[in-house]
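A, B, C and D are the chain letters, set down in written order, and residue numbers restart from 1 in every chain.
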């Protein structure tokens, strides 16, 4: 099912400020070809919530080939616990091998993370999105003052929608803060990434994630050698036209 | 120098809501026989602030014999970096040996931490306080809703003062929250306990401290097997007479 | 250059019991299309020795997508330190994604490691071997009583040679034991995998490697849930014809 | 019971080359006032063997106040599993506090470990030995080429015996090597220090112990900043008279 601009505007108005369950229900009833994107971190709450709505939810995750061992273990725990269909997307070797041969295994520290994220995350994401009319992410406004503060509950995907393919993106956790997410994880005994107990509020690839000090913002644990405004991997960034 | 009730009330009024530096200055000018109690955690900011006021501050810390290796390393870093006189108090073997022979090395998990804290912390603290007219602690109101919410900037020590010995306790960080403490640590490049980067907001003895999840209260990392209201080791608790 | 059976037999006789440098020299002078296979573990000594013979050695390693973070760091250290051309082979996503979707991310614990090793190691190895006439491995007789005790210094590759393509395999460390390898690493200040200092004598993929107790055989740290005789990943096993 | 020189010579001859159980049996039947000295490492096998001979063995261990958390956990595991009477000796605060105030918490790195070992190990050991006629240690000849190669199965204690008090020391593991110790631990499912699985063959105080590389001698993990011949803490060294 595709959604036109009028329907989207109406849905946006209807879901503005709604709680995550309401947004998830709306998403799952509006679209058949829809999937949850799972990062292996605290967005596990989305899966827990969705499985209380219906079974056989489609979920995909991006195995970049550089995840923490703890993240692989969480992916498997989730796969075994919930009645979901989990696709684990894997990068294409041609691009990875060429980049590594030319620049080594840690080029992101010198050149920025964009090329590596494109090969290990964005390209596999594009494959995962093929055939979908909508997807569901765990993004929240409180995750980044720079890039996520205006995040709507539902939107035309600013990165991957095209005139021919009006991909819709749902962000059910947009209005939640970290405390609400963790309250849910504790209350419903949701499995979580062990790294969260070792000072990691935000989790991505192993070389590009670190633990933070008390009171440091979660985003300080990601791509810390780069300036704040770049801290998105390309999955959720608006394509600027300039 | 001893302080009578009228002077204390006046000082309390004067320091209510004052910033940590002001409180520290007042403390250090009012008393010669005064020392900072350093726990090996984020109260390191007190030492940093005090050394900007004057040199040769007396500092003591309680080596319980069960601290984390990381804490011993911080104690040494602090000893080498700041012009302080650091006393490291150590427990008496008679009590420790008797308790361990009777109950083993982890009796606190079964019986509560009071006996162990008394032998490893409170008794050595009493020795450290001998000869002092006042001491300075890193307690803050934000550390515990149960036990520290009414903490004043300066007080007659509710645990160790006696009619014959009106010991005064200063709490310069009473009004600061964790964020301000960490802003100071970062701004002044103050050495900190490595455990703070591994999910430990609060640090005590190794077996009685654990890392916490994102958004868990710091105090969840201490004596987690006991109910909330008991989470003080006896250094700072009022002696109730009932 | 291809090598016929007579020349091989002569070379075998000549190199039987020779030291690693002699074997490496013979290998590098006999073949132009030759490469060292580097596992990210103590076989780093081969690279160190080869670079003392000539520059621009071809080296390849198999990035299975499940290596330890420490192994990626060693690969990069080696890439930066030695004048080698390092190819890092990466698996094909089609096979990985299908296996993971069907069986999850840890199927090797239940079904054995053969399928996963084939997809993540053997298939990429075959690509790495394309165009080569010979390769050089770090295998040693002391690594396995079951599978490596008769390992010759040079051999027709028992797994990947074909009648049309008589691939030669050199094992310069065949006659060395672990002590000699580590003496070389220390004497020449060769970079090594940090895991070797944490109880890991043998290092492979993260989920299929563990540390061992004092005096346990290195091979106890690999695929420990399987019987001893299967502990090869397919890179070095003879194809049985029965 | 005291033992004269003739009896000791006879016992030495009788026990030369005997297996650990035989030596233990001889020790336990010859002396009532006898205890096993347990270091919290692989000498746990002595306790396992002794408890198969009789119950209520006296065991003591030296809690230096700087042990690894893992060692405290093993001490407690052993205390709970075996029918022993465990004394955990603790150092005297006067000496520790004076040393630390003068030289800090890591003076052994600069001045050598003798003073610290004396205060934290040797003095408490002397207290533990008071009233004993004999003690049993886990020393082995294979632990040190420098200091333990001539270790007898039983001896007049070269450090603590006096003319008035002919203290006897039994070393039941003198003739065993590390492999035999670990075979016993595995065969009898004896609890062991978790550090042994992380590259630590020898375990003492935390700041003075480190993990070793494959094939490094166990003793390389102790007081590594000092020359080989000094690597004893004073518990087992002959008092030289020169």
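Operating definition for what follows: contacts are C-beta pairs under 8 Å (C-beta built on N, C-alpha and C of every residue); 3 or more make two chains touch, one makes a residue touch a chain.
Quick caveat: nothing in here was measured; it's all calculated off a predicted structure.
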Message: Same residues or different residues where chain C meets chain D? The copies count as same if more than half of the interface numbers are shared.
response: same
- prompt: So which chain is farthest from chain C, going by the mean of the CA atoms in each chain?
  reply: B
Statement: Cα centre of chain C to Cα centre of chain D, whole Å, reads 42
Query: At what distance in angstrom does the C-alpha mean of chain D lie from that of chain A?
result: 55
Query: What residues in chain C touch two or more of the other chains?
result: none
Message: Graph shape for the chains shown, where an edge means the two chains touch. Line, ring, star, complete, or other?
response: ring
Statement: Pairs of chains in contact here are A-B, A-C, B-D, C-D
Query: chain C touches which residues of chain D in the complex?
result: 42, 178-179, 182-183, 185-186, 192, 196-201, 211-216, 218
Message: Which residues of chain B touch chain D once you look at their complex with the stated criterion?
response: 63, 65-66, 68-69, 72, 75-76, 79-80, 86-93, 96-97, 100-101, 104-106, 124, 206-207
